[in-house]
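Read through the structures below before going on.
Both complexes below contain chain A, partnered by chain B and then by chain C.
Take a look at the complex of A and B:
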């Protein structure tokens, strides 16, 4: 008998095509191999869709949407869950983490996660109350924006309950749509808001009243919980300023903030520093996600053209992508754009990335008023706001940009009869995913030169690759945090996190196992599915395991002007990183590695992939 | 003598190893905090992990006189 602690070993499955609901038992050994969260999602996707992966339309009923917790959900300070599926952005698997009380509620309802397959004909929402699961009519909710929706859901279920939901962007299958939570939180990377929209699933509301699953070693767990709370609570600067402080620090000090579609990465705009933002805009600080002692969130408020806007922070990524990246340095307007993106259910990073790309093309004369319908200008709040709305509703030129930066570049090249590389060179993305707001050229920020090029989640700044592969610098660590499912801001050193995991689960995972098998197993499967891609994108490692062209241009301004990343260094480090993970020079897991990781059923897939790429 | 070893991107931005003559015993964490700030990495000690050479996290009570080699790596990424 193999016992399971920390997880229930049970998933709720809902097929929206047939209305069938069931529970699926997951074997304890599967948890031991994949942990939970991102790892378990990758396993499920591989098991169910792996053989036909290329033909699976991420926005078709055959895709599955997974909403998973991990063994540390509810035990480790801070709260997250991981949304996944076949990504409409990369064609691979992205573990998209979001802070949400839904994570705790799912576990308290007796499940480790929810897996949604099929697609409903009419708009619905899912209401889970412990054992009782209902697919409810959402025709009155369809079309509502975030804030109105949260209110309407409250009226419908009778009180405020934790929920995940989509805005108009998700309904309209916009590839940069996020799965939203608690007004301003987003699972943005991957484009899973569009996957929910394709299933006509407006929201998932969960109420759990039971206990959490049992813990293996209660004494160790209690001791470690206090130890982690002490460590996390000592991060007083982060608690005070959250990620908002990045708006000044990353721009001015590390010179790695996107400015006007990454044409620059340095600014000295003091209005972007946290103290004036606190003074003028914060109406709540600190603000915590469920049970989090760090409480890094803030709520900010701004009034623009007589309209009141509320958002968090703005947190660094939203502020950078909907501010400096669009040439907008007026904080009240940045807050407004951020609130608009939240309300429309757009991922602020991905939409800020594609809008910055469009404005640069416009400035260069590669797009005109005839194409867009109006003039685009850096920092022009009115046109930027309009473009965000046009994207969310797929109106006019917004429908082109709704495809995300990679696919828009391909489409614009086609329309303009330009070589695709001439347009793609302005798209700051890797494998269909806009790069997060941390540049690599100054080398003062955390991502290494191969951070995005080698990531199995493309431009995702929360899942970056790095050397050595057996350290917290590597993507193994991010994959692990997303699988145990803890917030990266409350993570502490690996020894303590592993002890915590072992106390909760009763396992004896060592660092060697984490870096030698568990992490590489998850990343290898993600990598294989990413390279399989399809149906409309295919990535060749020789071409696409690379940085956006812009990152090879020298920084034009700031204290690190002239700094760039040499291509030779990137190529050399890629090979070294792959080697350390047991992959070949193209980053394809070797057969020996797959066998070592227990991925026997991937051997023939990888053999075919290698043949296709002409690799020996 | 106290040598501070940096891992990952910190090693390319600050250097892989910096050594200092320790003139007086001060709190190790404040020392590392000052060092990080002086190197323009926009990092505070809250965002890094300070360990011994064999990877054991060092307690915040440790002083610069208690250790000769410490390793610093970035813990909090993203945001």
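Take a look at the complex of A and C:
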């Protein structure tokens, strides 16, 4: 008898094409191999779609949307769940983590996750109430924006329940659409809002009335829980300022903040700093999600043109991408854009990335008023706001940008009869995913030179690659956090997190196993699916395992002016990183590695991949 | 912070409450031995961003729930002032819920009696947890003589609407 602790070993499956609902038992050994969350999502996608991966349209009914917890979800302080599926951005698998009360509710309802397949003809939402599951009519909810939707859902189910949902952007299959939670939270990377939209699934509401699954070792768990709470509660300035403090620090100190589509990464704008933002805009601090002693969130309020806007922070990524990256340093307007992106259900990072790209093309004369319909200018709130709306509703030129930065660069090149490289050089993305707001050129911030080039999640700043591969610098660590499903901000050192995992699950996972087997297993499968890609994108490691061209331009301003990361260093580090993960020079897992990881059924797939790429 | 002597009361600071629900987690761990938010005797409601309100029994001076109980399952613990439920006498008739101005006694699937805050018999774990996490939104004090404490007993949705509207509308 194999026992399972920390998880139920059971997923809720809903097929929206047939309306069929079922539960699927997941074997305890599968959890031991893939942990949960991102790892389990990758396993499920590989198992069910792997053989036809290239033909799977991420926005077709054949795609699968997974909403998964992990064994530490609900136990480890701070809460996350991981949304995944075949990504409409990268064509691979992105584990898109979001802070949401739905995570504990899923477990309290008796499941480890929800897997949605097929597509509904009419708008629906899913109402999970323990073992009773309803697919409900959402025709009256379709079209609603975030804030009004949360209220409407509350009226519809008669009480305040946690939900995941999409805004108009997801409904309109915008590739930069996020799966939203609790007003301002987004599972942004991957573009899974569009996947929900393609299934005509407006929301998932979960009411769980039971307890969480039993833990293996209650005494250890109780002790470790307070050890983590005490450590996290002692992070005084993080608690007080949240990630908003990055707006100053990442710009002024580490010189790695995107400014005007990454043309610069340094600023000395005092107004773009947590101290004045706290005084002028924060109406509630602290603000935390379920079980979190950190409270990195702050409710901010701004009034622009007589309209009240609310958002979180702005947290660093939203502030950087909808502020400095758009040449906008007036914080009230940054808060407004952030609130608008939340309400439309857009990923603030991806949409800020593609809008910055468009404004730069406009400034360079590569786009004109004839193309866009109006003038784009750095820092011009009115046109930026209009562009966000046009993207979310796919209106006019917004329909081009709604495809995300990579695909819109390709489309603009086609329309302008330009070589695609001439447009792509302004797209700050890796494998279809806009790079998070932490640059590499100054070498003062956390991402290493290969952070994005080697990541199985492209430009995702929460899943960066780095050397050595058997350390917290490596993407293995991010993949593990997303699979145990805990928040990177409440995570502590490896030893304690592993002890926590073992106390809850009764496993005996060591660092060696984490870095030698579990992490590489998840990453290898993600890498294979990313290289398979399709149907409209195909990545060649020799070309696409690279930084955006902009990152090879020396920083023009600030204390690190002139600094960059040379191409040779990137190539050298890539090969070394791949070697350490048991991959070949192109980053394809070797057959020996696959056998060691127990991925026997992937051997013929990598053989074909290697043949196709002309590798030995 | 030492716990005061005599009958107790939990004083809430709405501006300090982060909405993190560690109080719910601690309460269910203490009373049920597992993390079980539905069975927590304290519940956080949040209708507007950043406007969470914890709701729990406020030990009304006239104890309408105790008076309404037809089976004498509820009684007042004279030491702490808490309402104690006798599981063997409670029939889940819900008269106490009807009588409560906040509809606070909880009925939970899997429990055969109503759940009401027992002030942890003098050492409320929710307040300890809240302080340990650095929020200090719940403070244990001597039970105030003011009969107005009863006005904290309101349905969760009322509390969340009133507080949220003050901030955001």
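Note that the second predicted complex is superposed on the first by the 616 of 616 C-alpha atoms of A that agree within 3 Å, B and C clash if a C-alpha of one lies under 4 Å from a C-alpha of the other, contacts with A are read in each partner's own complex, and residues count from 1 in each chain.
Definition applied: a contact is a pair of C-beta atoms (placed from the backbone, for glycine too) under 8 Å apart; a residue touches a chain by one contact, two chains touch by 3 or more.
The structure presented is a predicted model; accordingly, all values stated were derived computationally and were not measured.
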Fit or clash - chain C, chain B, common chain A: fit
Spatial angle chain C-chain A-chain B, Cα centroids [nearest 10 degrees]: 80
Partner chain in contact with A:246 - chain B first, chain C second, else both or neither: first
Which of chain B and chain C A:237 touches, first, second, both or neither: first
First, second, both or neither for A:443, with chain B first and chain C second: first
Which superposed partner A:104 touches (first chain B, second chain C, both, neither): second
Touching partner for A:414 - first (chain B), second (chain C), both, neither: neither
Partner chain in contact with A:47 - chain B first, chain C second, else both or neither: neither
Minimum Cα separation, chain C to chain B, after superposition on A (Å): 16
Contacting residues of chain A [partner chain B, same complex]: 234-238, 243, 246, 249-250, 253-254, 315-317, 436, 438, 443-448, 461-462, 464, 466-467, 471-473, 478, 488-489, 491-493, 495-496, 559
Sites on chain A touched by chain C in the complex: 74-75, 77, 104, 108, 130, 154, 159-160, 182-184, 208-212, 214, 218, 222, 226, 229-230, 233, 239, 283-284, 286-293, 295, 297-299, 301, 308, 310, 312
Footprint of chain A on chain C - complex, ascending: 15-16, 18-22, 25, 28-29, 32-39, 45-47, 49-51, 108-110, 132-135, 156-157, 160, 167-168
In the complex, chain B residues that touch chain A: 7-9, 12-13, 40-42, 44, 46-47, 49, 51, 55-57, 60, 73-79
